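My structure is below; once you've seen it, I'll send some questions.
Labels for the chains are A, B and C, by order of writing; each one numbers its residues from 1.
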Amino acid sequence: MNTNAFWHFLTLQLYKERSKHLSVVGISVMILFLLSSVQFISSSIRFSLEETLKVQPDFVVSRVQGGGSVPTPIEWSDELLDIYGVSKVTPRVYGRYYFAAKEKSFLIVGVDFMEEQSHETLQKLIATTDIKAFLEGKQMLVGQGVKAYLEAHFYKDAYNFLTPSGTFEKVKIFEILPSNSNLIANDMMVMPIDLARRVLGYGEEEVSDITFNVPNPDEWDMMTDKLSALHFDLQVVNKNEVRKSYENLYNYKGGLFLILFIIVLGTFALILYQRYSMVYSTERRHIGLLRALGWSINDVLKLKFMETLMVVFASFILGIFIAYVYVFVLGAPILSEIFLGGQNLQNTVSFVPVFDFSIFTSIFLIYALPFIAAVLIPVWRVSVTDPKEAML
Amino acid sequence: MRSDAVNNEMMIQIENLNRTFEHAGNEVKVLQEINLNIVQGECVVLKGVSGSGKTTLLSLMAGLDKPSSGKVLIEGEPISKLPDAFASELRAKKIGMIFQHFNLLEHLSVSENVTIPLIPSGLKMKEIHQKVNSALKLANINHKKESLASRLSGGEKQRTAIARALVANPDIILCDEPTANLDRDNSLLFIEILKELHALGKTIVVATHDPLFENLSFESTVIPMVDGKIV
Amino acid sequence: MNEVLLSNQVIVYLLSESTLFFLLLVAFIVSLKVLLKWDFESFTPLQFTLEKQAYLVTAIILFVFSMKFLLILYFIFSIDALSLLVPGAMCGAGVIEANDYGSYLLILKLSILFFLTLWLYINRYDMRTKNHKWFKEKSWLFSFIFLLILVELGLDYSYFSNIDTHMPVSCCSALFGQLEGANPLPFGLSITLLLVLFYLLYALVIVTLKTKQTLLYILANILFVYIAYYAVVYFFGTYIYQLPTHKCPFCMLQVEYMYVGYLLWASLFIGTYIGLSDAISTLWLKQSHTRSQKSVTRLLSFFVLLCTTYVAVYYFKNGVLL
């Protein structure tokens, strides 16, 4: 029956009942907008995180005392180098530096510029730097957010770090870190490793932790056991565990949101059911007329069901489009706070559009399925109107 | 009972038809033991006041309502117990209905109204246009093709309803009080159209209490009804 | 709370399954009522109401059916995504085997889709009779399907709540690999014999379909699916992965292999569903549908062609087989 005549008639019917349909579309779009925005933000962050994780070293080893991390002896690197299957052993010096009494903090990353970095991104970040010129004085590379903050506090070219030992270290800003990996680099200050040690208060033989890679994935489980056997106060974390914990965190936030959202959906479904059940006598007469003119119940069901589908699809497309613009063009003001934790600096992250079948299907399933389920019975009820109604 | 050979000519057969309604706990017998045979090409006028059951009889003939007992056969096919898909197909192909209050969809134009019965048929647009146009011409409403139904006069609405009833080229035309909302001139015009349809060989049944139908200029049978029975 | 249950996809999936179940419950209750009081020959208002309610049941089943197809794809996709959370799992295979419910759930889902297809066929024929000839058969079949879906819902929740994200599972190489020299193939077949059987059965299916030997066709097709599963996992799959040791029915559903797994399994199962439904309708209701037979031929041929193509392409590129 899907001829042009049918579609033409369908359009006319939709137009006639436009106030009813538009109000439903309106609420649907709002719901879809909220849902899609959250999904887009969440999957975009996930993607960025995965990209970040990809370039991170496989294992991180540090010393713990009383459950917390403490400076790690640099000699542990030699022990690690001895283990078969380990590559790119890199001691790291980094830490948080707090400005103005716990107000803001930045990440200070110490880099041994003579060595190859096990962290690919770091390697990329400093690849474009003129190392010779950089090492000539006490200088640092800073992220966008840091630069902005320092300028706002009238530090244009340099900053005086107050070290834990009470001395000051004046460090000049050499260059701004490239902003395409903004998620990490934003609040980062990169400086030579010895300088970082002084600023953070580490001893000469101390580092924050030691990273390395294990190219053979089958060896990972074994590696953890081997390492734990080396020292009683040695803690080892591998990339998969980090990935899993991020997954869980986002699942947790996303999951809670969804569960709350389902309550909203339930209310929406009830409203829909009610709205579609309110069939005025004129509509009954019209359906009765169609039936009297030779339309079977199946034909009427098809008509009514198509009306519903049109509403669903229109809302779906509109909702997703608006969410797209909101998240990927406008940067999702307000909502992004919830996901990025709102901590520390204003992350001028622009979300990377990530699309896959799963996101759209998820949104479709969570919206369209309950929608159609809610209106199926009212639509049926009106479709089986007796043709007799036309005679009244 | 007539023989099978004659049965093929029999357009509408009604056997022992009863229709009872439940109203406020009471049973109301609207039709009682109706037996009626209408031959192809015949024009029948069901005459009676309101409440005589003629409208109910008409709706049962059209398959719009279901009897409490008895049979209605259209061209030998018992329509009362057909599943909806079959009954609707029969209605779409064989029966054209004209209602008392015209029953047009006010928000649609004349041609859109006339198209409605053809939509489920799955015909191509070209064919549909052809059929719609010839129906509009036959009913003499072609000139108002694109007008909105809400803007038509009573007579024009009636003619649109006629066009709609004719568009699928049905063999049977059923009219329920067709002139009740028309003035005398338009009523006479309507009867003229009926005459043309009769000449085309259509089987026509009119349920009415309009005295104009008692003496038609073409051959017709007047069947009086009182209190749900044929007298 | 179980981390798996908080995963976005699992929530959406369970919500969808529950909504569909609720609808189906309504349909079931109405269907039972209609079935018990159905008397097509009667003229009572009750009967007319029942006939109208039968339309509701049909509408609900049609909607649920289309959604179930979408949901099984979504289910498989979600399982694959969950492999990130389940230690040791590289693809859906490991996640399915994370507890005892997984494989039963999958098989049940596939069965339900088959029975729904069968119901569609019976419904189609029933609606074309003038007296709803197969109304009762249709209704009893639906009641059976409803019970299966009830079990499915229970399994859904049990399965997902019992996925332990701390216990490592075997990945597909352990599940499907040939450990300790044991032969995983049925009837102790060798790969060569398996392939011979595969192509022979395919030919048998096509022949019995064309010559309308219905009973033989049913047997041939069922056997074909069984053998095809092993053939794909233990032979054709290795050409998709281009690795003789990679044997897995799930990995081919991933993006690295251009999601070809969906095409492969879908063509096999949908072809089988249509074929078997048509065959059973022929035997039971004496009704048949020629277009179905064409579809079956096309789908199963596509499946066989797709499998063979991977082998052929590999051979032409490399001059040897794996």
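Worth pointing out:
The rule is simple: a contact is a pair of C-beta atoms (placed from the backbone, for glycine too) under 8 Å apart; a residue touches a chain by one contact, two chains touch by 3 or more.
Note that the structure is predicted; figures quoted are calculated from it, not measured.
At the centre of the protein atoms shown, by the Cα-centroid criterion, sits C. With centres computed as the average of Cα coordinates, no chain lies farther from chain C than B.
Distance from the chain B centre to the chain C centre is 51 Å, each centre being the mean of its Cα atoms. Between the Cα centres of chain A and chain B there is a gap of 66 Å. We define each chain's centre as the mean of its Cα atoms; on that basis chain A and chain C are separated by 34 Å. Along chain A, residues 297-298 each make contact with two or more other chains. Across the assembly, chain C contributes residues 55 that each touch 2 or more other chains. Looking at chain B, residues 84-85 sit in touch with two or more other chains. On the side of chain B, the complex with chain A involves touching residues 55, 59, 62-65, 84-85, 87-89, 91-93, 95, 97, 99-100, 103, 105, 107-108, 112, 115-120, 122-125, 128, 164, 168, 176. Only residues 66-69, 80-86 of chain B touch chain C when the two sit together in their complex.
Of all residues in chain A, only 1, 3-6, 8-9, 12, 16, 285-286, 289-299, 386-388, 390-391 touch chain B in the complex they form.
The residues of chain C lying in touch with chain A in their complex are 3, 5-9, 11-13, 15-16, 19-20, 22-23, 26, 52, 55-56, 59-60, 63, 67, 70-71, 74, 77-78, 81, 84-85, 87, 165. The residues of chain C lying in touch with chain B in their complex are 40-41, 43, 48, 51, 55, 127, 129-132.
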